[in-house]
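These are the structures, in structure tokens.
What follows is chain A paired twice: with chain B in the first complex and chain C in the second.
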Partner chain A sequence: MSSNYKLQKYEAICLILIVMVSKLILNVPYYIIDLVGTGAIINLIYIGLLGFIFVLCLNWLFQKFPNSDIIDISEFLGGKFFKVIMGIIYISFFYLAAYVTLSDFANMLKTIYFNNSPLIFILLFFMIGIVVANLVGLKSIIRTICLVVPFTLVSILVALFAVYDDFSFDKFSPFFGYNMRTTFVNGLLNTFSLYIVTYYYFLMPLLKDSFSYKKVTTWSYIISWLLLFLTVLSILTIFPITNDTEPLNALYLLSRKIELGDFLQRLDAMFVLLWIISIFCYLSVCIFMINRVFKKLTNVTDEKLVSLSTTSIFFGLCLLPFNVAISRFMENNIYRYLIIGITFIGCFIILVLANLKFKFKKGNLQKK
Partner chain B sequence: MTKKIIAFVTLLTVLLFTLTGCYDSTGLEDFYYIVAIGIDKSENGLIRLNVQNAKPTSSSDSSSSQSNEYKIYTVECESIESGINILNNYLNKKINLSHCSAIVFSEEVAREGVKSYINILGNDTEVRPDCNLIVSSKESSDVLDKVSNSGEGFSSRLYEYILNSVDYTGYTINSTFNTFFSTLNSNQSQATAIYAVADEDTVQNSGAAVFKEDVMVGTISPIQTIAHLMIKDDLDSCMISIQSPFDKTDVIDLNLRKNTKALVDVSLINNTPFISIDFSIEGSINSSGEDFNYTILDNIRSVEQSASEYLESLIKEYLYTISKDYDSDIIGFGGMLASKFATADEYEQVHWDEIFKDAYFDVNVDVSITSSHLFNKE
Partner chain C sequence: MNIKNFFNTFFSYKEQENYEFILPNSANNLPETNTQNTTQQIFPTLSVNIEYLKSKYNLLINSDVKIRKFALPIHDKKVPAALLFIDGMVNEETITNSILQPLLLKNSITMREQNENKSGRMLIKNPKSPKINLENFIYNGLIPHNSISKETEFEKVIAKVNGGFCALFVDGVATAFCVETKDIKGRSVSEPISENVVRGPQEAFVENVRVNTSMLRKIVNNENLIIEEVDVGKISKTKVAICYIENIANDDLVAEAKYRINSLDIDYLLSSGQLEQFIKDNPSNTFPQCIATERPDRVSTYLLNGRVAIIVNGTPFVLVVPAIFIDFLTSGEDRNLNYHFANFLKMIRAIALFFAIFLPGLYVAITNYHQELIPSELLFAVANAREAIPFPVIFEIIIMEISFELIREAGLRVSSSFSTTIGIIGALILGDAAVSANIVSPILIIVVAFTGICGFAIPDFALTSSIRIYRFTYIILGFLAGFLGIAFGFFVHFIMLTALSSFGVPYFAPYIPFENLNDNNGYIVKPVWRRERRNQFLNTKRPEAANKISMNWRKHVK
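This part shows the complex of A and B:
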């Protein structure tokens, strides 16, 4: 059964990278810059280091629970009731992530290329793909991701290379941004950009070799952070930091400026094609995760069978009225705090408590 | 086997529909491809939008894809968008800006402020970031109408040819929509645009228009533009004529190229900006005059000295023009000073906008004549 497909190291790293790429496409780098201004470079190094320590802690905490994800650990800690609560929280969370991503991206596509087409057509294009991918299984999703990720990495490097001429240290100064407090205290809110950590809680049972978890998380984190860092660097080089203007999709605007000599111009069309596939892969992963959590809560034998239902709900969500104000509010407020609250605080506490319970139980067994 | 056939036929049927095209598909024949836009002020407070499109040649034996004719449509409107809408209605085709090579503002419009127009065009995904931005001394329609100086057939590339001269003359700047938009919204530097002077039947790029925020405050001359490009490190090569140190009535033509990047240091002395600029420029003698024997090393040193003094004076004149006369930091010295501060809050205490006009400049130019191999001694 392809639903039992297990990921190789490289595949797992690509899976995490595609999550980061989807965030890069949807203006997350600009939200970072928006909060801390030119201090974004220092801020990213700072939160990157904190995030890395967090990932190392996760690796250590997961050592006691091989082949378990956060839902299994919740069950171990608080029983079935707690498992159901965590499951519902994560299903809602993945739905929200997918909804914000698709609505934002579909609206961007409509603005750029399909001004006269109804939004529902663009949404349907993604929905059909997601359903088919999930019915075929994780293997098909992962293979597509492995194909797309190298090209996406190259595209981000090309974007950096293309703005090389405009590169100047003056653009990143003052290096500590507005002030120290904004960069180091308020700037902690930028940890939401390290959203990939959420997937680390579900990665262990998906791996072919659970011992490779540490390597996968470490390498995927480093590469993802580098991607984020390079994108922020490129955007800072090109866009002025003022309160007057805010590019609603900084990476797209950046891609429009890319020219390689006189013979390669307007590469944005190529970038957008790549992003469509990346977003499609990311959404397929989101629905896969929803199906997986749902399976754990309900004991459905094959999660693939619920793909149609979960995608239909997702489609319904995407038909809700959406505009830039909602997108900005979702990304900058709700999403930011949800990621910090659930991923970086809530689940971490659950893991620590589960480890303590494990130790306590083990101690009791040894005493007996 | 039957299942496979059914699946194959179903797939083919679905694919057939994808080949028919969408109901909202558009082709080349549905658009008017605009080559340039001009924006002028109208007498009744509205704007006059001029759009120029190339008329394709009908001759079947023409091997060139370039057009020899153009047409300018003008409409009075409240905004660019509404003007385009009116023209869409008039032309029965949709105006497309994806091949627009130049956006031209009349000086009158530029002196009132261009931000609203730039923001509208910035939101249009069809406008290319490398589209040239020009301020016309007269009506923008003059530039559109007289762009073909050389009698060459009209084409969208004409704008590029005219503006490409920056690479070898240094008499104008390279101002694209992208750079203009960025500097317009930047708090570290002010914007500049190409300044075009329209005469009776010609149009010529002539220096640069200087902006403070979004309002044009003045112009710099073509020779001052050389100084601007030198400091910005955008000068490829240019030619200057200096007075001969051996005969005051004679001139020596020098071809200059940048040697190394300008070293600019911005500091504050008693809250007054002190800006020192050091250049190293490489030159070659193009014509030497009657009394100058360039095969003698001492003579070369004298020419180098004269060229350095000439350039120092030129650059200082330019710098004091932008600081004292226009109070507009088009180089971005403010950004350079900002890099010396840890935080933006500390930098804001400097109030750069208020003190820039009091800046003191120290310019040192080192010209080295590396080649003077002319075929004749004169």
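This part shows the complex of A and C:
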């Protein structure tokens, strides 16, 4: 077990990118377009800039707390009780994130390849993979991510650009979408697509060099946003926007359009192969985060036991009867608001208050 | 019963009784006299020494251990003496000419001359006289041999005799004289069997550790090459040589290698393959974690780059540690070739590795789940070929893979004269009869044959063996869940592999974790003039392997 493993810059960026990639593979681009229509481009630029300012603020706020994550900062701010509350919130949040991802992806796989197999059959593969990964430890997960991320990024870029023949820039108009209010005010809800920011709250103590936090967050944010932007741009230029569009996995649909001459006409399965591995990596990271927070709350030392327990609970969650509609509802109506509420509002306020407390304490000490 | 007792009774952890395996053999009850380390000092009386040795060597039943008794003429006395050696391990001519003749003839001649020369001072009047040191007299004056040592403990004497030395015991002297007379028959240096190259040295290691170390010395040609020798195995006391270049290799690496070997508590060690399993970081993983090579030039290259070589007496395969994954895709020839061609070959090997592991699994997955990947024309051809086959693809491919493994195994086990016959039979069965009988489809033959060829293209035997196991796993996973199964297998496989390290070096160095590839680290072979630095992950004492401008002659070109 290697839970004390510290990440290098490159590894930390890959960790953040795998989170973003998993969102791109699933329905995040669709939800963005669904909300603001053709205004998605201008909306993404807008929320991208806001997000970037937010990340810069995070960097500044974390300066006072090197080697601390949001759980430690909560303890600093509100004592152990507040730490436990924050821990439980985050454990539930990561469980939900993993659940939504897995249910969505497993349903997609079932629809495409395993019509006759029960969902549990697909889930079992993911569960075993996650258990093994978490038993082996963070070091192996991160190293696998480092291998997978470049290939996945290439696959996404290929999927985006290989269909350039079908690009139709007329589909951008109207550029501001349904109306300005929807694009700029209602469209703020699309900040949920910058879900990677959640991981910035936990990144600091995982880094080998805490001074590289700024670089890691900045670069990972820029690359993630670019990927998101390109994906949305490609989807917009290929598919027509209608109100009754089915929430299909847009990247998968893009990959189905790739043709290499007359010989290779359906390469989507190759992309799916890579994306499955990415989802394995992402789910392992989710469970790792749950284990980490859980250990912080309880001081449990047996990592194996924690790993097995958290994965068992996750498996139990996934076995709850669900269908595509439920998972979509959760993603669109609960998960989206939770991300905005917890990541962009709640934790930010905690950080600001913790900084004020830090200043106040320092001032008191200086007076004494 | 209170609540606490109730919980203790029903839910408390009870230690499981340990499973103990007892071999029904009375030998277990025998005292371990022969395996215990003897620290018995040599006795001054010859007869006692001989009795002791007879008991140690079981001379009543042991036929090759010889004790030659004789009387050593010193002055006017006959001092009883005995030689101990193992027949077949010593050179009898050396014993006769360098030990017995000087002791029996030269000694008496010297005495006679000294007696006759009255003007000369008599050094030896009486061997029992306190003035005379018989031990020094024999050591300095009677045995004209370059390699002789004095031992006072039976343990050391026995170890040397087992290694081909001859031990001389003299009555009245509590010391044994060990003279090197070894002449162990072994094969001579020949061409490598498993690592053939076109352009490069054509000699391979042999079974004798000393011959192997001399081959390394010949190539490295530097006094900083250290060859430390240790005995491994309480019974076999196998000679293991740990080789490194003192001013290059990392001290911690050398210490770790020595520590692992020295701390082995085993009865015997017979090969480097066994030693590899004892010292590798993760013994349960099938992937090789030490390089095993029979090429002295390859080992010398590794030594000069700061690695540690381990030679086991009795094995022509030398271990090199630490080993990273790309070492197993590297041939001894790569550095001798033009770097363009070497890189081309390396790329071919990487492709071969991919197909050797995944091709059968991918074939099963695609034909069962992802038919859309196959271009239409090819899909028709596959469907057409499979039309008359009554078995599912998984059955077909497992039959063929097992047949292939059988032919391969049989070809290795039989003598070379039969292996051609087996190859022909195998080819006929695989290639023709199976297809004619509609047991397998021709396209599957192509898949299995191509996979087999890809396996042969990988230079390392241990890696190939490991791949052969995983190939079956991927076939089953491909059958169970198509690309989901393959992705699952790959993920778990890679998670396991990234956890590996060899003597502290990550298995996928220098790529994962990512290191500076400018330091001659990576898979790509750099031009010979750009190989200026040693592998970064080895943390050597001399990071620079060449000057920044190694080709000084180019400086003078105008």
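Heads up, the rule we're going with is that the second predicted complex is superposed on the first by the 361 of 368 C-alpha atoms of A that agree within 3 Å, B and C clash if a C-alpha of one lies under 4 Å from a C-alpha of the other, contacts with A are read in each partner's own complex, and residues count from 1 in each chain.
Here, a contact is a pair of C-beta atoms (placed from the backbone, for glycine too) under 8 Å apart; a residue touches a chain by one contact, two chains touch by 3 or more.
From a predicted model like this one, the values you see are computed outputs, not experimental measurements.
When both complexes are overlaid on chain A, the residue A:Leu109 reaches chain C alone and has no touch with chain B. In the superposed model, A:Ile89 lies in contact with neither chain B nor chain C. Residue contacts after overlaying the shared chain place A:Leu317 against neither chain B nor chain C. With both structures placed on the common chain, the touch criterion links A:Leu226 to neither chain B nor chain C. In the superposition on chain A, A:Arg266 makes contact with both chain B and chain C.
When the two complexes are overlaid on their common chain A, residue A:Lys171 makes contact with chain B while staying clear of chain C. When the two complexes are laid over each other on chain A, chain A has residues 114, 265-266 in contact with both chain B and chain C. Chain C makes touch with chain A in their complex at residues 366, 369-370, 372-373, 375-376, 481-488, 490-492, 494-496, 498-499, 506, 508, 511-514.
Looking at the complex, you find that chain B touches chain A at residues 22, 24, 125, 128-130, 178, 182-183, 185-188, 332, 335-336, 338-347. Of all the residues in chain A, the ones that touch chain C in their complex are 2, 8, 10-11, 109, 113-114, 121-122, 125-126, 128-129, 132-133, 136-137, 139-141, 143-144, 146-147, 263-270, 272-274, 276-277, 280-281. The part of chain A that touches chain B in the complex is made up of residues 37-39, 111-112, 114, 116-117, 168-171, 173-180, 183, 238-242, 244-245, 256-257, 259, 265-266.
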